[in-house]
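For reference, the structures are reproduced in the following blocks.
Paired with chain B in one complex and with chain C in the other, chain A is shared by the two complexes that follow.
So, the complex of A and B:
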């Protein structure tokens, strides 16, 4: 890949401004007590320190998205009969996601295997994915938190998988490495200079962050361990005891990709929408007969953890459907900790 | 035909005809408005479709006409909630959206040369009908065909226009049953699993296919086991709440199996291997 570049902190607004002239640029900004991704506008103050409260999931997978519009009408020849027109819109806006942590961008690698499947690839997702470039920022020891566990799931604080450009904080600014062609194109900007002299410093920042995370426990047996615990409802009741089924853990998760489909009528026309949905809710699997295969929060938490650490890896070459960002732990109102649940299941299987 | 470019976009179809089967089941015969797509459309017995009433939403229904009769696609809908209530309001000439075919079919090729035992209860006859008619249209490919179809009362039996033909044909063995005596009923009275035990079809070189309410399936499976059908010889279809129907929305999983793409047809042996979450 291309040589390392460097951008001084005070030049960053210039770079963002030039990027924002060509596409939507989403940056983490403080809002309502949290940090969320919002379109950059000159003068806006991005927060590049600690990880955003909400991941950049909505950049490619909006919380609410139109699948198509429909229009009903009357048949010109037979006014007693109706007509129906369906108008899909799959275009996506060119977007740069700037300043997410590597785990937030890596989340889309989990999506890709599902949304870019061979039989029914998802055109809305694919178009948005192709129109989006990720400029992520490697973590330094200053932003490694005790909820982070990316190193448990095969990643790390400077993992570039899923990123197009990786920035690393160094004295006075950031190094910038292009990881894809899309990323290299962004580094063409004259506000960036050669960063060869800073490369060693960047490497030690990355190494220190990795070190700060400490050792990762071995959870490689989690797929089998979680299946082994499937019928042990006492175990799952214990694990889910505190849960209040709020769903925050799924909505804030960069790897949770489930959705629902609903119609929004306005008179004779309207739209079919898809929006984020969560397996932590009772309605998610409620059948028309009234039967619900996941009637309690214990069943539902079992599915959430099982999906990430067992079912998904079973279908996708062992890849865990969690990027270890720790958002579900940090934002859970009652401190349910997915790490503990996985470890408890692994320990339970060992007997 | 579900568009490989946009699998969420239904095909616009016109309702040709409706049949009020029972007080809460209505049958719809539909054709795509795009005749070229209708002519190119293929599916296999057991596959499903999403029927949509734009403005209300979409729901999953089995295509219960067989692929050997492509004048129309037939769906039989039991009123259960919002979409199904809306669909019940439709009549000939009205438009619906169709996304099909979705899901896996019955292994009807592997069933060739075997004796076939169909056990259907209530609306559960719908998924069986497609395979049953397919086999009748390819009668020579299959051995003895037994159909046991039961409903609560005579008024709850769907496909009543076809029942006289099914019971009078000599190349199949049809038994109809209802739960309790009713005036004018000339067929069996008794719960499906009990009648099945009475009929006692031989498991030798046979497969059994059952669908109906969960409680009926449970006792039918017990009866089939008593008759010494092996797990591999028994097929059923599962119902799960579905949205996308294409393995993406994440709603219909049982462990790592997605009912919308890996099912809805499963053998009893496959079901037993899944986590216990029906």
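So, the complex of A and C:
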């Protein structure tokens, strides 16, 4: 691995500025009462403390993305014949996502298995994924929140999986470690200096944050336990009673990747758009016939938890489709707690 | 017996005849309570009462239509129940209302801001104590005390109905409203002071970060179309799925228009918004207009008909014949 580098806090704007000259740089900024990723411009004040309200999911998987545009016309030679012109969507912009927490970047590892698989490679996703670099910031004890549970799902506050560069807050600034070649290229900037002297401090920051999370319960049986509860609708009614079926949990989730497609026509031309879907909404599996296999919020919450902690791991080598960021808990208007549901299912299976 | 214990006893008495009773219990950390669906006596023992019961449980009533359920309400929540009754969205025979006097609930956004100013994170809250006047939150090793009056929800500062306006069981002595009847709305006043382009810029700025999750819609007790909302219907395709500020504001205006004269200003739309977008002001603005035109306030009188749900040949305040 490349040597550890160091950057002083006051040099950070210089680094961001130089990165922003070559690509779009998305940083967490405060907007109203929320923290969201926005393109960096000199003068912008990034918020590197607590985790952003919304993860950087849109950097690679936009909330709404044009797949193509179309134009209908008439054939000049044969006026009875219509023509259809398809215009491809634009290429993804080179992007650096800077200052997300490791869990926010790790979420894309869940996406990759779906959109970069051999069977159905998704060109839009691949295009954007390859154009994006993640510079994440390891959590210190100050960032560990009551809703964090990355250590339950095989991750941790300094998990570099999915990141290209891992920063760690130390006195006066940050250490920077390159985890990929793409990341190493970003560390070539002259504003960074050698960080060997700070490496031990960074290690203790990481260890303290991991320590602050405490012990993780054993949820290794969750795939089987959730499957065993599949037909127990009383169980799902109890788990979902208070859910109001909004989509906040899924839209804020770094690992939720479902989408819907709509055509947005204006006269003779239009656009085909792909936008985030949410299994918590009634329309999610509503069929054209009017039949809906997931007619109630109990069925829908079962889908969300089941997908993350049972169906996905079953298909993907036991990998849980949740990075433990806790956004769905923290931002749920009624505090539905996915940890509790998984544990209830595990306890139910034990009898 | 404390008031809360008495309330629990009364709920336990009623429970055998009910599908469930909706209230609140402690949530995942000391700053969060969470709705509680009581189906057994053991569930009732989890019931909480106090400034962390921020949710409006009336939102669940229309979805439980046809079942006989109980509901514990704050004063503001009771107005939503009344409004639902007024609109025949729920049946009076199917709902049993439990109330206690309410002294206000916290606005978590304000608590978070207070903690942040003191260098503490709400996400690390480990203990909370309240004595009715002060909220003390311990987070990350430090304890920050804040006067409840300064961190309570804005609606509580204007509340005229701290006691349920309608209740089958009321525990405790009714208390007098703490606020003057015509307390000012700071958010409306701020918007009023802006020019029209400034106001548009304000809404664009805020709607830009909307994630279109519809928590504002689904947490609203009066938003009963929910699964059939025009925001997501394809036939007709009223709204595109684009995430532009314009489209998102369009949805908010649709929401506000559908709530004109029905909204009880419970504030759930704004509280539920994960992005902290001040969407309540749109509804309050329309309510103010409804009040000026029809002298009407939603959810106060079970017998009243909301003005936009009725037709009168002559409106008192609309002088169309003499204009």
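Here is the rule we go by: the second predicted complex is superposed on the first by the 350 of 351 C-alpha atoms of A that agree within 3 Å, B and C clash if a C-alpha of one lies under 4 Å from a C-alpha of the other, contacts with A are read in each partner's own complex, and residues count from 1 in each chain.
Keep in mind that, in the parts below, a residue touches a chain if its C-beta (ideal position, glycine included) is under 8 Å from a C-beta of that chain, and two chains touch if they have at least 3 such contacts.
These numbers were taken from a predicted model, which means no experiment stands behind them.
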Touching partner for A:162 - first (chain B), second (chain C), both, neither: neither
Touched partner set for A:146, first chain B, second chain C, both or neither: second
Which of chain B and chain C A:230 touches, first, second, both or neither: first
Which superposed partner A:275 touches (first chain B, second chain C, both, neither): second
Touching partner for A:104 - first (chain B), second (chain C), both, neither: neither
First (chain B), second (chain C), both or neither touched by A:262: both
Touched partner set for A:82, first chain B, second chain C, both or neither: first
Touching both chain C and chain B, counted on chain A across the two superposed complexes: 260, 262
Contact set on chain A toward chain B in their complex: 67-68, 70, 72, 78, 80-86, 88, 90, 114-115, 117, 119-124, 227, 230-231, 257-263, 265, 270, 272, 274, 277, 279, 284-289, 291, 293-294, 299, 303, 306-307, 310-312, 314-315
Chain A partner contacts - residues on chain B that touch it in the complex: 2, 4-10, 12, 52, 54-59, 80-81, 84, 93-97, 213-214, 239-241, 243-244, 246-251, 253-256, 261, 275-278
Chain C - residues contacting chain A, complex: 20, 27-29, 32-37, 55, 59-60, 109, 112-113, 121, 123-125, 140, 205-206, 208-209, 211-215, 217-219, 226-228, 232, 234, 237, 240-243, 268, 271-272, 274-278
Interfacial residue positions of chain A with respect to chain C in the complex: 31-34, 36, 49-50, 53-54, 62-64, 142-148, 238, 241-242, 244-248, 250-252, 260, 262, 264, 273, 275-276, 278, 281-283, 329-331, 333-337, 339-340
